[in-house]
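To start, the structure under review is shown below, and the notes come after it.
In order of appearance the chains are A, B, C and D, and numbering begins at 1 in each one.
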Amino acid sequence: MLSTIATAAWSSPTIDYHALAPEIILGAGIVLLLLLDLFLSDSRKWMLTPVASFTLLGAFVPVLTLALSNAGTREMFDGRYVIDDFSLVMKGLFLLSGYVVVLLAADYIREGDYYQGEFWFLMLSSLMGMVMMASSRDLISIFVSLEFLSIPAYMLAAWRKRDSRSNEAGIKYYLLGVFASAIMLYGMSLLYGITNSTKLTEIGASLGSNLTSIRALAVFFVVIGFAFKISAVPFHTWAPDTYQGAPTPVTAFLSVASKAAGFVALVTVVYVGFPGSHAVWQPVFWILSAATMTLGNVMALKQTSIVRMLAYSSIAQGGFILMPLAVAGETGVAESALRAVVTYLIVYAATNLGVFAVVMVVARKTRSGEISSYGGLFSYAPGIATLMTIFMASLAGIPPFGGWFGKFAAFQSLVSAGTTWAYVLAIIGGVNSVVAFGYYGSILREMWMRPVPDGDTSPVPVKSSLAVALGITGIATLLLGVLPGIVIHFGDLAGLAGAFGR
Amino acid sequence: MFVNQFLILAAVLFCIGVYGVIARKNAVLVLMSIELILNSVNINLLAFSMRNGSLDGHTFALYIIAIAAAEVGVGLAMVLLMYRNRRSIDLDELSEMKG
Amino acid sequence: MFAEATETATEVVLSSGWFLEHAWVIPVIPALSFFLIIFFGKRMPKKGSEFGVASMFGALVFAGGAAYQWIQRVNGAPEGAFISPVVKTWTWWQNSGVSFGIGQHVDGLTVAILLVVAFISTLVQIYSLEYLRGDRRYTHFFASLTLFSAGMLNMVVAENMIQLILGWEIMGLCSFLLIGHWWEEGANSRAALKAFFTTRTGDIGLLTGTAILFFSANEWTTKTLGVSGFSIRGLSSWALSGDPGHAAITMGAIALFIAAIGKSGQFPLHTWLPDAMAGPTPVSSLLHSSTMVVAGVFLVARVYPVFFKGMEILGGSANFIVVIGGITIVIAALLAFVQTDIKKVLAYSTVSQLGYMMMGLGAGAWLPAVFHIFTHAFFKACLFLGAGSISHSSSHHSFEMKKDMGGLRKFMPITFGTWVISTLALCGVFPFSGFFSKDEIIDNVGHNGYNVFMYVGLAGAFLTAAYMTRATYLTFFGQPRGASAGEHHEEESHDSHAAHDDHADHGHDAHDSHDAHASQGPHESGWLITVPLIILATLALSSGFLNALPFGEKFENFKKWVEPSAEVINPTGIAYVVGGIGEARIASETPSEESGHSKSPCGTETPEQGVCAAPQLNHAPFKWSKAAMSMLIVLAGFLLSLFVCIQLYEKKNKKFVGLTERNKVLGFGYKLLVNKYYLDVLYEKIIVRSIAHPISAAVYWFNQKVLDGVVNGAGTTAKGIAGWVYRNIDQRVVDGAVNGTGSVAQGAGSALRPVQSGKVNQYGALLFGAAAIGALVLVIVNT
Amino acid sequence: MEVISNHNWALTVGTFLPLVGVLIMLFIPKAEEALIKSVAIATAIATLAVGIYTMVQFDFGNAGAMQFVAEHDWISVIKSSYYIGIDGISLPLYLLSMVITVLVMIYSWDHVPSPGNPKAFFILMLILQTGMAGTFIARDLILFFVFFELVLLPMYFMIGVWGGENRQYASLKFFLYTMFGSALMLVAFLALFFKTGAESFSIPFLIEEGMNISRTTQIWIFAGMFVGFAVKVPMFPFHTWLPDAHTQAPTQGSVILAAVLLKLGTYGFVRIAIPVLPEAAKAWAPYIGGLAVIGIIYGSLGCLAQTDMKRLIAFSSVAHMGFVMLGISTLTSFGMNAAMFGMVAHGLITGMLFFVAGSVKERYHTLEIKRISGMLLQMPKLGWILGFCAMASLGLPGLAGFWGEFPAILSAYQPAPGLSVNVFRAYMVIAAIGTVFAAGYLLWLFQRIAFGEPTAEFAAGHGHDEDLHDVNKFEWIAWTPLLIAIVVFGVYPQLMFKVLDPAVGVTLKAFGG
């Protein structure tokens, strides 16, 4: 068998630097941060923040140029690393949400007495992993980028070293994450064994649509790995604890970016890797979706801490995003399902980041994470309260705020499948969207209809960076709701769905 | 060839690892159990790689080993942190947040 | 078929005139003045009453004009021919492409009733100027009164059912306002509520009936006459056209008749009427003479063909209408005996008279019934106003005959005189107006073969005479009692408005004037009251001669002018046709006076060509013998009652004392003397007590307890059910289900929280457990 | 459906003008209350002016046709476009919403309920206005849906913030009910979209295509819409949010809710559900009719059981909308006309009743029927207005209510071909009985509140005298138009039937209507 190695001719891979530009810029930024962190005196550590943010924006520029240069899909390493519209959109999403997270974190980090340098470093590395994930089309690269984005995330969660909760959050996230990826790896190993390849397209080709128990097992385990990332019930258990314990900006980061990354991986694997074996993953996604949104909503109803409630809410949202995947295998649905997922992710990112921005703004004043601390917010901070209202409405899917269109797209692809199961899931989704308002509404109720708990109605100070974050997310949410045409253009990508062409 | 024995071995290791993760309260032991799972994966990969006569398996295994090392590094660091904070590495004590 | 009809027809243009063409203005005048009163009344010197009186007078003039020109129209046409009504419509509303009109349908019946209504209303308003002077809601009163008349007038000119319903309901509303005029007292407003609610219950029939008839008739009427299925003319002709299916027309007629029962206080829905006496006396007089309660009768008379076919009148067997009418006559009349409130006596007498009208209509005696509406209006209005005059000037606003009246003939001669005349009219004594209408009804009922009901009618006549005598006696004869004797007694027996003007804005003068009355004792009322009385009494005496059969044909004007002939006419209905279709020529050649087999096919079989507007009816020839018989009956009732009254109220003190004393002290030899009184005792105890009291008391009990109970009970049970449904179904079940789901979700939340135990191992276990289960399932499925 | 599109800007302006006002108001400091109010009212009046211009330009001779039609791309990916237009059915409701908004705002000038904050209050009302108007002109299902939902939040806050004691429960209930309905409605829309070949959401197109869907499918799709609309109407048994919402809502909220929001549901039936899915409509009609008459009787019984004036009026809405739904369920243009008229009439009358209730509450600080009495003695004008509205509401001929009620009952005698005649005739009789109940509870209410002597606690000289003033300036301004409209439409209904009738005819093409 060594002969095989000997005979394997070496051909140096061609590298498309334009295509790799985002990763390169990001990498450079990471190194730069590391060095600056080493050499700058603490008094001038504040410079790290602008560096981080500009790195992200800088990395976003080539994404744009790539998008505008309609050279179609660029492949590297014989199709194991692909830059197509889909990956570009997702990269853009990651980078921008990363930028917003920087805005959220800026003051938080500067005021917390922890090392700024490593925070930015870790966050950017994690983003790096996500950006790579968007392009990976090979089990190995997917695995690598998954860990690349996860490991720094573990550390970010535990970033407040001396805070036992943060610590707990980190460890739980870490242990379960590793465990999940271990199971996923086992599945991958089986896949490799069956198909004798790690390249998704080849796997897809050789898997075909005929299933054996072992293939099903392999597919299932791989799916589980990502189901963990998107905290789908019953692999969600880490999420609430971690979100609650981790620093708020990190929570925002996890609940938006890393969830999105999980979905990207999932979609990639499913669309490119197992298009044929939808007999396995469709029911799996159906169950996951139903369970996720139901349990997420139901649990959220009982929460008193806003962050924890948001954790469950984001779990539930994950369930909604899963809905279209449960029918993606039906003929002709793949495209609209993909569109729905991407659309929903974009809308969700904008809204949820906005929510966390508000949470941070309010927390700065009330110094409390309890829902009750929002009492009477409208009476003394109408602006903030209105924004929060918009975000909550959007999460609840009420027109004309972004969320409704995300849900609409999801329902649309479900109904377009037209199967009984699809309708049933749609009904479940509908009922859940009503239940969801139970807790979103409870926040609205606090803000509008309840008295101020401690009678302190001094105006809420809003740091400039947070203000910018609020502005961006708020406008985005509104715009996406009123003119969803914009976002759908990004979501309208046939790139991956082509795998279903057969 | 004798792939199956390897696979069975791997499966056994996998199960042991899983058992460890679920049953052990000691953080370090849990870490080790996870390593066990990863190694079972490696065995799988190598076995398949041998059978299929392609190098991807080996490559994959190498990546896994490397990353596993990194993971364990982070993991141990966190456990250390935990020990600093609460003078214990019993996972059951990590239930401040629940519900 | 039009073609044939018209070519053989030689058309003669009927005379018409401005008033006739513009009869629709008559209801409009008071309607407008209603708004004038509402908006400007309070600012006017006479507090708005001038608008009311003026408008009613205007309406009267117009009605008079219309009546005159109608008579011209009739006289201008050959004998026995069909005089087409003057119909006008304007689009009122449209639906599914069809437009429905509002307008006027003027024929003999219309003008007759218009005239009466306008006339009585005018007098009542004049009367009220005095009667309600100083009332705190003087303006409101006149506003409602005017709108009320407007409603009735509109109903009378109505071209179609919807317009008729409009007037009908407006009357209902105003009756509510008027009866409850002194709403400070719960009793009054409850009475108002009861009146509205009872009539409204009848209206279920009106709505349903209209719906049934509309949809059954619309096609035919549109095709044949080019009018909608609401139109009066359309419905009448349709009913006789043979087009309607039996079920449809029967159901429609019954439904409509239920409405009539409610409005006209027929048994068993008459219970609201006596309570309606809670209103001011002018209101009672207007309601009960010519408007509200007559509406039901008018409805039946208006679309008579529908009932004629639907109820199979002249079908040989007794029908719904005639039965109800008969029962009502007797029931009401008996009730009148046990009343001590003079207005209630009159109220029941009204009910009983309405019974006559219904019975007449039910027995095919259309003309006498309508004529009775006409005459009854005058004498009944006169009686009510008389009662009002008494309470106003003598009994200090009490209507209690036994407590507060008696011997008033000396004090108020005019009132007394008019009262007596009207009473005689009511009793149907020759030659008072009642005789010519009521007797005709009875006569024709018998003539048309409803013998049983003829006797009912006679019995009614007997009772009428009796109770009226009793009332008259108690009021005007004997010794003054109570208030009439000038006593002041406790407030509650007062008529409400006196009690209430105390704290009224402009009520003080009024109050003084009342004290004045009381202090100076019983006296004749002012001219504003007496003049209307006199006028009405005159008419009560004379109006009968409009249709006085005994004096031969030239006295049968009312018949000539009002009764539509049963000609087969050109379907266009407007053009008047001489001859044309065979049967019709015969009919027009020999006037159909002498009763017997009908010569026009209308009503009996369906015309091959053309349409009928009215069924062929018979008319009983006048016979003095029959008249004499009924006269005797009336006389009997009168005398008997008088005798009893004297025994009861004049000599009652001596009676027992004398008897017992003589029994004790003297012996057997004085029995004859005793027997004299023994006869009294016999009469009283046996006859009066055993017949009048038990029966009528029983009926009264039945009335108060059962029927009243049903009406009131309906309300209470409805509320009971409502309460239960609301508490149990709405709040528990329906609402509970909703809130339930919410709590279920909440519960599930707390139930699931243990899953989130916070223990890493358990998380791990869950994670892998799920994975394992899933894997297992997949393996099993895929092998 | 033929289409006339000139002045096609009018509708867009009329719909979105309020939002411009909102933008302006956002920059006015909270303290400038008078300014805020005037700006808001000015906006509303301007909007109404546009609406009236629309009416003037409206081609009444052609009321059946879509007019002022405008169409632009919106969400091209899902084939949904910004497609608006107005016809005889929409016009009255479109105007009604504008008029009501103006009047409500004028009323609010000195009636801003606690906890004050007129800025937010007026802004919400303007947003509501946009949502309501938009719903009535939308010709695209998605657009319709967006507007339909747009009214939710403002009303939710109006009830929840400015409402009574139990406001939070009520507002949440209102919201959840409606949201549940609209979720299913959305699914139904989507199903419709795909069953008609996923080509367009435009209603006219769907009307052409809809009848090709297989019967069973239609029935299921209709079911989804039914829930969505029935909740809004509200029909028994989806009505329980209504009494709570009405009772707790501030006067302005109740008025808008009763006058316009309830109509969104019935309008949905008339505009979308029935014309698009004729087969299903036929299949559903008997059940809708049944629920309608149940609603009539049930609502009336509910009224009789109430001790709270406002709650009584709320329940009466259930009964009245029952008549409307009965008319619709006959699927005849006769009944449909009645229903449309009934909607507007109910809007005017019940809106007015809620105004009165609000003023009563403001004066007596209670709505407990048994605590109030003899209002006519203390506040004759208010009392008689209440009486007037009661009469109008119980369907007295000559007032607007009658023309919604009577023809609806009438139409039930002869439902569309294919529907069971006997069933509907039974409905007719029940409905007729319902009118008696209506008379019962309304007069009962009037008698106890207005008649009699004032109760001891409110009798003169018990400290309430300064509160118990009669109708004031703003109330007159706000109410007079409604009162006049009630009389005018009652006396000359042709004014509205003329507009409705042709449009209804077009709507019912599928039934040979």
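FYI, a contact is a pair of C-beta atoms (placed from the backbone, for glycine too) under 8 Å apart; a residue touches a chain by one contact, two chains touch by 3 or more.
Given the structure is predicted, the values throughout are model-derived calculations rather than measurements.
*Asks:* More contacting C-beta pairs: A-C or A-B?
*Replies:* A-B
*Asks:* Take the average of all CA coordinates in subunit A, do the same for subunit B, and state the distance between these two points in whole angstrom.
*Replies:* Result: the chain centres lie 26 Å from each other.
*Asks:* Using mean CA coordinates as chain centres, what's the subunit A-subunit C distance in Å?
*Replies:* 80
*Asks:* Per the centroid of Cα atoms for each chain, what is the distance between subunit A and subunit D, given in Å?
*Replies:* Here the centre of subunit D sits 43 Å away from the centre of subunit A.
*Asks:* Can you work out the whole-Å distance between the CA centroids of subunit B and subunit D?
*Replies:* 65
*Asks:* When you check subunit A against every other chain, which residues touch at least two of them?
*Replies:* Answer for subunit A, listing residues that touch two or more other chains: 171-172, 175, 179, 183, 240-241, 302, 438.
*Asks:* Two or more other chains in contact with one residue: find those residues in subunit B.
*Replies:* 21, 30, 91, 94, 96-99
*Asks:* Out of subunit C, which residues touch more than one other chain, so two or more?
*Replies:* In subunit C, residues 742, 753, 756, 758, 760, 764, 768 touch at least two other chains, as defined above.
*Asks:* Taking the top-of-page definition of touch, could you list the pairs of chains it picks out?
*Replies:* Here the touching pairs of chains are A-B, A-C, A-D, B-C, C-D.
*Asks:* Under the definition above, what is the set of subunit D residues touching subunit A in their complex?
*Replies:* 30, 73-78, 115, 117, 120, 142, 145-146, 149-150, 152-153, 156-157, 160-161, 167-168, 171-172, 175-176, 179-180, 183-184, 186-187, 190-191, 193-194, 198
*Asks:* Quick check on the complex: what are the subunit B residues that touch subunit C?
*Replies:* Interface residues on subunit B, with respect to subunit C: 18, 21-25, 30, 91-92, 94-99.
*Asks:* Using the touch rule from the top, collect the residues of subunit C that touch subunit D in their complex.
*Replies:* Touch list, subunit C to subunit D: 91-97, 99, 162, 165-166, 168-170, 173, 176, 180, 183-186, 189-190, 192-193, 196-197, 200-201, 203-204, 207-208, 210-212, 214-215, 715, 718-719, 721-723, 725-727, 730, 734-735, 738, 742.
*Asks:* Could you please specify the touching residues of subunit C with respect to subunit B in the complex?
*Replies:* Listed in rising order, the residues of subunit C that touch subunit B are 753, 756-761, 764-765, 768.
*Asks:* Spell out the residues on subunit A that touch subunit D in their complex, using ranges where they run on.
*Replies:* Touching subunit D from subunit A are residues 339, 378-379, 382, 389, 393, 396, 398-400, 404-405, 408-409, 411-412, 414-416, 418, 423, 426-427, 429-431, 433-434, 437-438, 441, 444-445, 448-449, 483-485, 488-489, 491-492.
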